[in-house]
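Structures given as structure tokens follow.
One chain, chain A, appears in both complexes that follow, with chain B as partner in the first and chain C in the second.
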Partner chain A sequence: MDKVMSNKKIIALYVLPSLLLIMAIIYIPIVLTGYYGLMKWDGVSSMSFIGMENYASLMKDDAFWNSVYHSFLFAVLSTVSLAVYMIVALILAGNIKGAGLLRKIYLIPMLLSSVAIAQLWLKIYHPTNGILNSFLVSLGVEDPPAWLSDPKLVLYALFIPILWQYAGFYILIYYAALKNIPASLIEAARIDGANPWQIALRIKLPLVSEVVKVTIVLAVVGSLKYFDLIYVMTDGGPNGASEVMASYMYQKAFRGFDFGYGSAIGFFLLIICMVATWAIRKATASKDTIQYS
Partner chain B sequence: MKKKWLSASMLLLALTLVLSACGGSKNSSDNGSTAAGGESASGGSGDKVTIKMMHLWPDGSNSAQNKLVKQIIGEYEQANPNVKIETEVLENEQYKNKLKVLSASNSLPDVGFTWAAGFLEPYVKGNMFAPLDDLLQGDLKDKFVAGTTEAYAVDGKTYALPVELNIVPVYYNKEIFAKYNLQPPKTYEEFKNIVKTLNDNKVTPIALGSKDAWTGSFWYMYLADRLGGPDVQDQAVASSTFSDPSLIQAAKEAQDLVKSNAFVKGFNGLSNDEAKSEFMNEKAAMYAMGTWEVPNYTTNPDIPQEFKDKIGFFKFPTIEGGKGNINDWVGGVGVGMFVSENSKVKEDAKKFVNFFVKRWGELSVVDAGIIPGTKVDTSSVKLPQMFIDVLNELNNASKVILYLDVQMKPGAAEEHYNLIQALLGNAITPEEFAKKQEEALKAGK
Partner chain C sequence: MRTASPAVSVPVMRSSRPVGARIGSGLLYVVLIAGAVLQILPLVWLLLFSLKNNQEVFNLPPFALPSHPKWENYENVWQQGNIGRYFMNSVLITVVAVVLTILLASFVTFAITRMRWKLSSLVLGLFMVGMMIPVHSTLIPLFILFQKVGLTDNQLSIILSYTAFNLPITIMILLGFYYALPREVEEAAIMDGCSVNRMFFRIVMPMTLSVIATAAIINMIYNWNEFIFVNTFISSDNLKTLTVGVQNFVGQYTTDWGAIGATLMISILPILVIFLVLSNRIVEGIAAGSVKG
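And then the complex of A and B:
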């Protein structure tokens, strides 16, 4: 068996089917999207080549930059929230009672489909009958905000369920990484007189730093291309107040029948994501990897 | 050993290729046979034909239409045993989106429903819909209400046949009105007083869900019509100028309505369905919506009779000094049936559409409470009073102004939605509203 697997031809043979699939459904469409971005195309009739015109108008499109700003704001918030997840994971990994149960509870939102979460939160945010506003009214708030129709609030009102949706995922990753730290290291530190705070900050965090880097990339890229809850809950509205890059692309391409422009946005989004990933890797790169021994 | 593995994997790969090749050839031969079947069926033979159909009336929200579609399909399949109709049902917004996605990948269903004018145009330009003029010359000749099929015509050819004709009245809850001694308004001043009285008594005056911005557009359109007269909006779209003072004044009036708390709290974040449930649960006193809602107040068996008895409608009141007539209605043809140009069973699909539209015209008002695009003989059918009232209003209508978003091209309509939300959310001034709408119209997308 080992011999077979070291045969280059066989390796190529086995890799080929999935490679073809990935090419067909991911890389070729990316190239095509870049190509469509150079076209004037309504998605139905024939296209005509207009060069960089779509990108030129994209640069001048205030609504687009507004959505870029929203996406980046969200990326920053999700990155900051990683710190909270880390604290939760540290507590969970500290052998407290019921850690297993809590871990499962945190993970449940991750298992729900986005549309179900959206419907749930739509009910929570309902301006008159919603749980949140009913609660606020019972506390004596006279005029509770209309969460999803107030342009100043809607974006933050949407971020909360999205963060809630993915919290369990990151907590689980951190939990697993923390559990992976050999107990002997912690014990040694304890014998040397380190308090729990020092153990967490000086021993555990450096040891899981690689995982943290990966989750930062995941959180940033995931936020930049986020779409589902926003599409279902507000559809980018009112008047673009909760529009993010992906929902704006969808609106332009499928609602406004401007596939050329939509493709340009999509391609731009891809470039932004790649640059962001590269920048994060660069910024968090460390020369020496910390090891257990 | 090595050789054995190598040959085994080669065999596996070969098998995969053979299988996929099989799949491919099977598909193409299938296509071939259905195409052949289509031709021979129209020639009278009994080959199996499957017609794929997509419609937008799910059982839950539009049960009357849903049942009627099933019934007509059943009748057609019984009369033509060789034909099988497969349906796919999606809710309104999802339907619109899916239609676009399918057309982008050139896989529209054989038969489906489309909206008129601006919505239809890109599909026609993209060669997606088949012209149906031959059907209009057949036994459907002169069956349609005058001016309805024209809404689906591009360059003199008709690409869909209407199955719905709607106008937008303002429904109101008689019980709530009676409780506060209110009468349906004849003038806009009376209307504003009603809003004030209801607000003073902590009743939501109007249910509106302008997350679906077209519902907010109704209010703007009526204000624009009553101020600027029946032609001002049509002309604005046709000439791509949105600068008529009455259009700006209408935007201002709309914002004044919002400022007087006329609409339900958080309307810009509510979907039409959520707003509708405010009205159906009697938490709001008024609701402006197309006559497709009339079955909910008359025939729909799922809604309690005592609620139905409470609902009436009035015409949007006239504004003093405005040029609009009280008999101008916002409305127009709703969806029409199209046949896909690339359908493998085009002729069969056309035959089915012919049957469907005709049968729909005979059944829809009585069975489902839908006003069809075809003429209805009111004397021969027994109908609930509200329907007769609506049909009479339609007969007396001085003009039906086609929905602004339907009149506009998709890009401009999309901007119209955003602008309506911004206008009602007080995020822009009436002047900005008009200016941006004009820019969107001028962009020509």
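And then the complex of A and C:
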């Protein structure tokens, strides 16, 4: 038995194809991103080594820092909205009628492509015929805002479809985690005289804290690399007001044909995502792992 | 409800609580249902304007029905554009990538959970870390890499990229199931002289069909909606997927609302239909794919 199950040939046959694939498609490219960042290169003619020059100009590039700021703003907004999703999940998981149907309805936008969502919301925000401004005009608002071409509003206007897209996803995750809590614990607390607020805050939340940590990482990293919806809806505009890290990278590399500079941004994005993941894990590392068993 | 004077006897309090609880839960329902309406309303509006002509879009209230539905919008976009072609490309790429991912991930998960070898935890770690790498950081090197091996403007580049980036999450979904799977059957099969390959295909794969279905659905949704790889690696119109094709196609019709609406409806209908049929499994799959991390 042991001999059969440690047959090297079979292990290699089962593992190597996948391993080679992720090496070629994921790991080698991220190393190359850092390497290309050291080059001056338009993607066509030959590369020339310029050392840290791209990274140095990146540090002084206001447009880049602007995009970093926007990405982080999305990360903060997304993390804050998790609290709302948790409240909804707590209510849904409290054995109310129709919870199953409701969480399915909440999930629908998450299944659609970001491109379809972006195109739909372009229409929703349409200055004259969009559903939003039609509604505002019918309420008597005389001069409704041009949501996506106003530099002050555009980031928040873009955040609404992101909320719309992901709300159901997080509610579903929290709901599943809350449903996993043994009913006996809740029952015991109730018998001891705890009210629903206390049960939610003191018993349910601590028990799903691991899941909350995972969702914070998902929300932050997901926001930091957000791209599709912004690319389609505003392409970073007006005048950079909604540029994020990934869209800035795409613009520099595939429009400006500055592959060296684009790679430097891509590498920076990678580092930021890794550091953010590590920092969140560190910050939320449980001093007191709660085990009720 | 609880402000009744201390003198009020216990039975009275009991009978007054349900009233308060009912008002409270009634309010909760209103909020929850309002949320559900907000999630669906944009899609209802999309369906309505996909059946209108521009005159009706501009002059009728947003949710008014057209005098007679303009089904010809759908016929026109299907005939004029390459929508049918994009649709078939999406189906082809999605199916091939999902089959490949599931097969490779099953091999790896089997080797990690069942076979004995020194590097297994290191290899598992490599797959799991792959989940944190932002796609965008690999985009430029992948583009160059595919160019060098002649795979740009070739659907194989898309299939390989989807497979590599979906392997980690798929392995994660499979892992939990494999760990819980009883080993007795496999041990007996080996004792009887069954080869590992034969056991894997005849015994293990069939036993994991339910989790394979869950993982396949998650993969399918990701692949169907993916945008940036196709947008970057594919330039021939004939090879594009629905997501990217729709984006280009809609760009040409900026002023024809009915055509845009019909195109978007065609692109999201397959996912909506699958959701109607398989919603329980999708909900379960999304929960499984995230919580266990």
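Points to keep in mind about this one:
Just so it is clear, the second predicted complex is superposed on the first by the 277 of 293 C-alpha atoms of A that agree within 3 Å, B and C clash if a C-alpha of one lies under 4 Å from a C-alpha of the other, contacts with A are read in each partner's own complex, and residues count from 1 in each chain.
The definition used in the following text is that a contact is a pair of C-beta atoms (placed from the backbone, for glycine too) under 8 Å apart; a residue touches a chain by one contact, two chains touch by 3 or more.
None of the values given here were measured: they were computed from a predicted structure.
When the two complexes are overlaid on their common chain A, residue A:Gly237 makes contact with chain B while staying clear of chain C.
Of the two partner chains, chain C is the only one touched by A:Lys225; chain B is not. In the superposed pair of complexes, A:Thr33 makes contact with chain C only, with no contact to chain B. By the touch criterion stated above, A:Phe259 is placed in contact with chain B and with chain C alike.
Comparing chain B with chain C, more residues of chain A are touched by C. Looking at the shared chain after the overlay, A:Gly43 reaches both chain B and chain C. By the touch criterion defined above, A:Ile10 reaches both chain B and chain C.
Touched by chain B in one complex and by chain C in the other are residues 1, 4, 7, 10, 13-14, 17, 43, 254, 259 of chain A. Chain B makes touch with chain A in their complex at residues 1-2, 5-6, 9-10, 13, 16, 97, 100-101, 103-104, 122-123, 125-128, 210-211, 213, 264-270, 274, 278, 283, 409-411, 414-415, 418-419, 421-422, 425, 427-428, 445. By the touch criterion given at the top, residues 1, 3-4, 7, 9-10, 13-14, 17, 42-46, 125-128, 146-151, 154, 234-235, 237-241, 251-252, 254-259 of chain A touch chain B in their complex.
Within the complex formed with chain C, the residues of chain A that make contact are 1-2, 4-8, 10-11, 13-15, 17-19, 21-22, 24-30, 32-33, 36, 43, 88, 91-92, 96, 102-116, 119-121, 123-124, 129, 131, 134-135, 138, 164, 167-169, 172-173, 175-177, 211, 214-215, 218, 221, 224-225, 227-228, 231-232, 245-246, 249-250, 253-254, 259, 262-263, 266-267, 269-270, 273-274, 277. On the chain C side of its complex with chain A, the touching residues are 25, 28-29, 32-33, 35-36, 38-40, 42-43, 45-46, 49, 57-58, 61-62, 104-105, 107-108, 110-112, 114-117, 123, 126-127, 130, 132-142, 144-145, 160-161, 163-165, 167-168, 187, 190-191, 196-197, 221, 224-228, 232, 243-244, 246-247, 250, 257, 260-261, 264, 267-268, 271-272, 275, 279, 282-283, 286-287, 290-291, 293.
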